[in-house]
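Two complexes, one shared chain (chain A), two partners (chain B, chain C).
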Partner chain A sequence: MNKNRIRVISLMLVIFAALAATPQITSFPTGAGTNGNNGCTCHAGGAGTTTVTVEGLPESYVGGETYELMLTVSNPDIPGADISTNMGGFRLFASAGTFGPGENSTDLVQEKEGGATHTELGNDFRTWNISWTAPDNEGQIVDFTAHGNAVNGNAVTPTDGKGNTGDAWGSFETSIPGAAAMGGGVALIEQAEPFEVAIAAITFGISLFSLMLVYVFYRNNPDGFNINGLTTWLKKWLTTTDHKEVGTLYFVFSFLFLLIGGVFAMLFRLQLAVADNEFLTQDQYNSFFTLHGTTMIFLAAMPMIAAFANWILPLQIGAKDLAFPRINAMGFWMLVGASVLLYGGVLAGEGADISWTMYAPYSASSGEKGASAGTTLFIGGIIMLGISSTLGGVNFIATVMTMRAPGVTWMKMPLFTWSVFVANAMLYLSLPALIIGTLYLFLDRTIGTHFYDAAAGGDPILWAHLFWYFGHPEVYVLILPAFGIVSEVLATSAKRSIFGYRSMVYAMAGIGALGFIVWGHHMLTSGMDPTLRLLMMITTMLVAIPTGVKIFNWLATLWGGSLVFKTHTLWALGFLVTFTIGGISGMFFPVAGLDVHFHDTYFVVAHFHYVIVGGTIFGMFSAIYYWYPKATGRKLDEKLGLLHFVITFIAMNGTFWPMHQLGIEGMPRRYHTYSVDSWTELNTFITISAYIMGIAQLILLWNLIRSYKYGEEVGKDPWGGWSLEWTTESPPPTPSFHEIPTQGDANEHEHESSSGGLFSKMWKGVEAK
Partner chain B sequence: MSYDDHDDHGHHGSWSPIIASIGTMLFLYGFAEKNIGLIALGLAVLVWGLFVWWKEDLPFDGSEKMGELKSAGTPFGGMKVRKAGMWIFLMSEVMIFGAFFGAYMRMRSNWNTHWTLRDKAQEAIDTGLAPEEYTSIDSIVEECMPYHNINVAKCDQITGGLVNTSFWGGGYESATAPPAYHHVAAEYITADFWTLLPGAINTFALILSSFTIVLALKAARDVNLDPKIRDKKIRNYLGITLILGTLFLILKLWEWNHLIVDYHFTIDTLAGSFFYVTTGAHGVHVFVGLIFITYFIYKAHIGGWDEKNAQSIEYYGLYWHFVDLAWVVIFPAFYLY
Partner chain C sequence: MGPAEYTIFWDLLETWNFWSIIVGVFTFALLIFLVIRFRQISPTEESPDKIVPGVFPKERDNLTLELTWFIVPTILVLYLTFVAWQSMISVWVDPYSEENDIDDFEITMEAYQWGWNFYYHDDIEIYDPETGNYTYFVTPEGTEIKNETVSYDLYLPCNKLIKAKIRTIGDATTAPVLHAPFLPEWAIKEDAVPGLETYIAFTPRETGTFDLFCAEYCGQQHSKMMAKVYVVGVC
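And now, the complex of A and B:
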């Protein structure tokens, strides 16, 4: 056992060393090797002593100021006056700041590898003008190193007609302090490139994640711990087809990407905190918000839904596993492959900059003014995501349609299962439009088709249609499972069955059907036929009806029940508040006239973050607290949960509420920066709130890890739920049920276990007939 | 369903998903970087993943223990789960070809531009810019419709410049404007015997292959046959299906070659984009079918089929019929009309 401890500790040390080294590699000031080069001996040795002088350097520099320097090389033994060509050369380096050619020296001096050197033409001189721009940070001391060479020219005392008789090198070194280092001026904190921050954060995250994996493996069985067992353990996870294990993989994957997506959001919120900020370049900003959106939707929210669907759906309908376990595992691994393609571009510094909507014709273009080079890879990743989700969708639908246990009839199916069923039906029927759309885009970028190129008769609007034909059902795919979760959680917490079960089912199915005929409201400003605009406006507004039915049903469930405030209940109640706000702000967009004003402003950003964070993510958090005991046999810590909820709820509203006002005032989304000073105040507030919200998620992470070992142990049914997942052990065995169970009635369960309020009793009376 | 068998299907783990995922990733990466080596490597890894899958599938005997569960409840009660899954998957395939067709129809019917054109035509009539003889919207639209070999000058004249060439995105201004699909269809495809002939042969080849796959299924289910004769029959029928499918692909490539070499009808025009990508996507479906049928023939060769696991041929047949059906829709839409 001691040996194993040593092994683990040394493994951890290696990982920590790697972690410590990671940021160093990329932030070395001038890159490796270039600073130590003393110059060549291309002219085979030399004579005498060469003096190098640099004039024009200040006593102390002012940040951002440009100085004109004059570098002179002189050697009494090799007088320059007799020589007309190949008189000398130089290299000049500084530990900070940037070089460029000085006055009248554009042809003679060039910037090379972070320093300055002569050009081929500049060979014929011994004095050069160089410009040096000081760094912004005045709190440091800049070291200068110059190497100068006095050459004997081509024609003087030749033995072979070439200027190879004299290389006389000399050096010059000095240091210049910044204004602040002398006491005064502005000392800035050393800034790293945002790309480095992002990559370091991701590397850090992944290393921490690997560390966690090893730790979890170790904790699994501390006494019998054996490092050789690690491969067996890893093999189990890499090849698993069990729905619970694949669900866990989905969950871990989605949580990792939730944090990575959050890092991107924090980086560009820092950029937007004040007006005219230059923290991120435009390209960085574009690829960061592209990756933020795509990551959050495809790599965080959808996999988390898939995680719960994988874990809970078969348990709820009393199936031993999903219909096609291997295809299920393939869906997950396709997702992992897709994430590599999506991130391949940004890690190479050429991240896709086309936003998650990938609008043609920009996304189909390339070259200097087109989308960046990583875009092709990114689109390949989207195609792969499509394959992954199709496999998952077919699987879930087949499972619900064919594998329900006795008693789980369509109209007695738990609402979470219903919501996953409707969501996946929408997803797999709408995905083909995205797959074909991205296929066209991919081919446009690779083999030169012209689907979206207007100059060749193609049609960029076709992309918008194909994308939003998928895109709008997609946002319902994100929210419907949250509806299902909230229905389960509220009914269980209120200790009664859900109010209006049938209307809940019809509402969800209604949203599912309507979702396919509303996509045009994303394109109201695209020059669409006014008749179509009217149609889309009406159908979009119709969606509010089934959604409203659901909200009133939830309220009625609360009214008739006796509510228990657990953490998952808090999240569900928070969901009711924030999702309703988001739903109401959403009702502004289908009004074509208002949409022209709101289109592409922060009002849109506020709306969809209220429904996605306040809806989907709150629902998912509720599900984490609700089903964690089922998955692990231990409860999450309720105190930490309360803390997590309160901070996240307040910070979430602090982040997204002010965006409404900014949007109405006209702040555009997707812009790198803004010049309106009056927006700074709200934007700074948003940024601070965003950081609080982001950091608060670490509480959840800690809670998840800690409770795995130390949480309160629970039995089969800690919350008093009625559906079948609570009839099997926690955690469930494999296969999930020893005996296929038979589902009873929600109301009978409630009748046995507790007495509800007056309202629920009235309703039960009706059902009892 | 029986509940006491403790079936362990799906819990033994499989390397196939992760290998196939890496293969797909490498293939797409190679495609994006236009690197033939990576593309080939990706496909090879993908096929490796398929081999792993097939190796696991080879001993499949059609029993519930091996994963062939029966469906319970509406709507698929009593049906095998995999069959239901195939039908559900085919629904998404319908949507795939629906998207191809939707995009194609949008291009052919000018939905993207038609209403604006009508607006402009009405405006030209209202303001009196249109000449006397053009009194109805339709008469102006007839002249100004793009893809109808639009006469730019005339259209400009009869609408008083309201509909101008820039309206069509500028592409029709230049002398090198790409040929409209109507044009292409009229000139190269619908009227050319050497394009229509392979198309017609292909149609019959595919329909015939749908028939032979049913014969293979019938033979596999025939319990009265001697096992050796049965294996041979299954192998031969599947073999004919393979040959017909290969014939389809060869003729398809020959016809593409004919269009490219003789008419210079290439993929870098709008019409070419739609034609080659749609028929190509169908061709890929045929090709994937052929890969699977090769495995089926191998399984028949080693005597792996009997009446208990013959449903795999049936599920494959469902896919194959769908691919035929898609061709029956593509052929008239792209070749005849």
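And now, the complex of A and C:
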């Protein structure tokens, strides 16, 4: 070992030791104090010699049965016999089932916030009768926690309503399995533990994935198959820095997480299918929708964009690789690490339940009513994602700025490259806000700082500002590459050049600039200053203008062409429909009178799914069918592709269109269940459509696997595209070009003439200076 | 279902739906026309732009067209912004300004994990035709709704401007987090923020029983954080 390595390892050890030794302190303005386990908060006094017992609990419970429990608090130092009033108190919680007062105890015991506690009258006892009704599901284990307080009879202080010193409390914990969990009963199929279903699905997916890896290795060279070669082959993939191979890794990773995120959606759509459903518990529902959102945005959509940017961007600008191949690989492997952190909580049964927006102060809270323990890991994962995306952003920006081949000038760059460039510039400028915000959050959760705690002088709205300063540019980061893909696909399919190339670039840059000053429209109801609300309302409305320019330019591109209906064309046309709907519904939110109703209802859910599924994902699907031949040398099956498109397009609209109506009717989002029966019909319809859409993605998976071996072989340019990636072989060699190509220009002889639109004239004016 | 007919919500929604349909129908009609009219008839058709791999194709643009779809949406957006701006005044009304110092009913909504306390700063008086007297409104639980009482469901008089202050409580048993009272009937919501006092104002014009939801995600029992709103008295 060299000295540097020893230094790094010792530094890490010191940091870990320091982290482990850091006391849990809270830095309130009134001074530091320690956070104890305040079992019973109504009395002062520490944990002492008090014993708490609960009698009457069965060894295993029968679903729906009611049990009579007796809770006793005893303490030899504080005898109860000497005093007749203010003798004790208790709090009893169970992870499932319901509580009520037991035999002859109606005045003494009450149900409160899901647990049982004593009434004011019940203060004068040390023993209480409580009834507990077991949950219907016998397949689970119920955890009981009881806190009991032996009170020495003294009076309640008038100032804070709390008892005097001298009391002592103790606690009691136990777990009771259901009859089915013991193996004695039958767990009904609809009462399957959703956590187990989710984990089984993920484990199954990973096993299938590993099997697939071995199979792909086998098919690589069936004749010379040797299992010992597997490690060498795997090592090649694990250590690769080639932009195409890293792109493939990104793609496989994102597709895997697209399916996992879909499984979460399937589970909570089942929960929402009918009113007052109890399929998922509240905690499960909350962590499932959190993971669905985070997975789909950070682990499915972003990596899929990164996959195509990695694969295609260097080819389009005629570069042999990206500017920093090793940083590129590092960015990918940090993403893998981040995904483990994000999912660590779920696999431990304590999944983060803070939604993808991670709103503080809830996300900074902990304890019984705070965010679950997995949240800390989750926040760590988000910080790592931020670092990974920053590395990717630097890389793409540097590549576009320095590695363009001769002839690929700024205004002769393919639109996909432009879109990735603008998106990564936005990402690079907005990510610091997210990373700072999540670091604050991490410190709040781990070492007791109070960045978001109003009681200690922190600011709860600070998080929303930091998050949406990142979050709104982020949604443009997701949609811009899809714009680029659709521009390429539509022009190629219509056998035309793109209409208004320059205005397309300016529109993209305009969206990129406007994207930074609209974040407040996510916070119109947050108590923000009305002047700021007005400003954000106006800027948000303005985003419609460059977006409209792009849509009409795409339509004009089709004019006079001869459109071929390949699968990627269908996806691009589908994109035009669904993205336009999503864009129009976006115009409803900046309006004060509409937003105060629509904010956090299903109308918002409908809108952003039209934009992200109907925009980003449809764009990505188009890219899969368009560039698959370039990456593998074989076409995807067009018949399966048509089937995949038709089912997904119809089911996607069936899933998200009815949500507009639910939003107008006022159904709030992030609700575990709802009691309004008239919402059931639409919700059932949505759930059925969602399942059809989910299952249809398996067609694509099958198509990807099958066509790798049996697809129709293609040459350099199967679709008739013009950009440089179509001049190299399919699949391209490594490095990607034998020699750096030169991009020609069909406009060269026209540059001196005065033809062309406003944008060409403006540009020429700039160039002349 | 949905907000009451007399709220500004429906006026705005109608305007926005109208323009959405105009823009949507125009765009989709154009799309369908182009896709059908300019589809490939025979595979041998030549591209008018003569696309060659590795060569940046001939640029196409048209100043008049591009300016048209820059300026027309801009005018539409400016018009809609103007309409939206006006709605700000009625939605984010400052209930404590002088012009709103009218016949009102002041309450405080207090949000905690997971429920609501409603404090009253005015009385609901009901006219009793038999005795000819006004008496305080009494809830089914026996609480008289008058100044300084607290209730867990919300009771409101009809035809008065309701001015509600919104705050949170947080102590050792309930974490101080964001909540948001959402009243779908009057299409209004505003966050309850720890350390900040926010407010909403609205006027019920029909008696009945309505929902109040929590709209800002606040933890485990977010979906159970509901209350009923009873509008009582004579309209």
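Keep this in mind: the second predicted complex is superposed on the first by the 553 of 769 C-alpha atoms of A that agree within 3 Å, B and C clash if a C-alpha of one lies under 4 Å from a C-alpha of the other, contacts with A are read in each partner's own complex, and residues count from 1 in each chain.
Rule of thumb we're sticking to: a residue touches a chain if its C-beta (ideal position, glycine included) is under 8 Å from a C-beta of that chain, and two chains touch if they have at least 3 such contacts.
In this text the structure is predicted, and so the values were computed from the model without any measurement.
**Student:** Applying the touch criterion given at the start, work out whether A:F332 contacts chain B, chain C, both or neither, answering first, second, both or neither.
**Tutor:** first
**Student:** Can A:Y362 be said to touch chain B (first), chain C (second), both, or neither?
**Tutor:** second
**Student:** A:A592 in the overlay: touching chain B, chain C, both, or neither? Say first, second, both or neither.
**Tutor:** After superposing on A, A:A592 lies in contact with chain C but is clear of chain B.
**Student:** Can A:I584 be said to touch chain B (first), chain C (second), both, or neither?
**Tutor:** Touch status of A:I584: second partner only.
**Student:** Scan A:T673 for contacts with chain B and chain C and give back first, second, both or neither.
**Tutor:** After superposing on A, A:T673 lies in contact with chain C but is clear of chain B.
**Student:** For A:R404, using the defined touch cut-off, is the partner it touches chain B, chain C, both, or neither? Pick first, second, both or neither.
**Tutor:** Only chain B; A:R404 stays clear of chain C.
**Student:** Which partner does A:G721 reach: the first (chain B), the second (chain C), both, or neither?
**Tutor:** second
**Student:** On chain A, which partner's contacts cover more residues, chain B's or chain C's?
**Tutor:** Looking at chain B versus chain C, the one contacting more residues of chain A is C.
**Student:** Between chain B (first) and chain C (second), which does A:F516 come into contact with in this model arrangement: first, second, both, or neither?
**Tutor:** So A:F516 meets neither chain B nor chain C here.
**Student:** For A:K412, select first, second, both or neither according to whether it touches chain B, chain C, the two together, or no partner.
**Tutor:** second
**Student:** Indicate the residue numbers of chain A shared between its chain B interface and its chain C interface, in ascending order.
**Tutor:** Residues common to the chain A contacts of chain C and of chain B are 453-455, 459, 461, 527, listed in rising order.
**Student:** Chain B touches which residues of chain A in the complex?
**Tutor:** Touch list, chain A to chain B: 235-236, 238-242, 320-321, 323-326, 329-330, 332-334, 336-338, 340-341, 344, 376-377, 379-381, 383-384, 387, 390, 393-395, 397-398, 401-406, 408-410, 428-433, 435-437, 439-440, 442-443, 445-451, 453-459, 461-462, 465-466, 469, 527, 529, 531, 734-735, 739-740.
**Student:** Quick one: in the complex, what on chain C touches chain A?
**Tutor:** So the residues of chain C touching chain A come out as 1-3, 8-9, 11-13, 16, 20, 23-24, 27-28, 30-31, 34-35, 38-41, 43, 45, 47-63, 65-67, 69-70, 73-74, 77, 80-81, 83-85, 87-88, 90-92, 113-114, 170, 172-178, 180, 182, 184, 187-191, 193-196, 198, 211, 213-224, 226.
**Student:** Can you list the chain B residues touching chain A in their complex?
**Tutor:** 1, 3, 6-18, 20-22, 24-25, 28-29, 31-34, 53, 56, 69, 71-76, 79, 81-82, 84-85, 88-89, 91-92, 95-96, 98-100, 102-103, 106-107, 112, 115-116, 146-147, 168-172, 177-178, 180, 267-270, 272-274, 276-277, 281
**Student:** Along chain A, where are the residues that touch chain C in the complex?
**Tutor:** Per the touch definition, chain A meets chain C at residues 38, 41, 113-114, 282-283, 286, 353-355, 359, 361-362, 365, 367, 369-371, 407, 412, 453-455, 459-461, 492, 494-503, 525-527, 530, 533-534, 537-538, 541-542, 544-545, 548-549, 551-553, 555-556, 558-565, 573, 576-577, 580-581, 584-585, 587-588, 590-594, 596-597, 599-601, 664-666, 668, 670-676, 678, 716-717, 720-724, 726-727, 741-747, 756-760.
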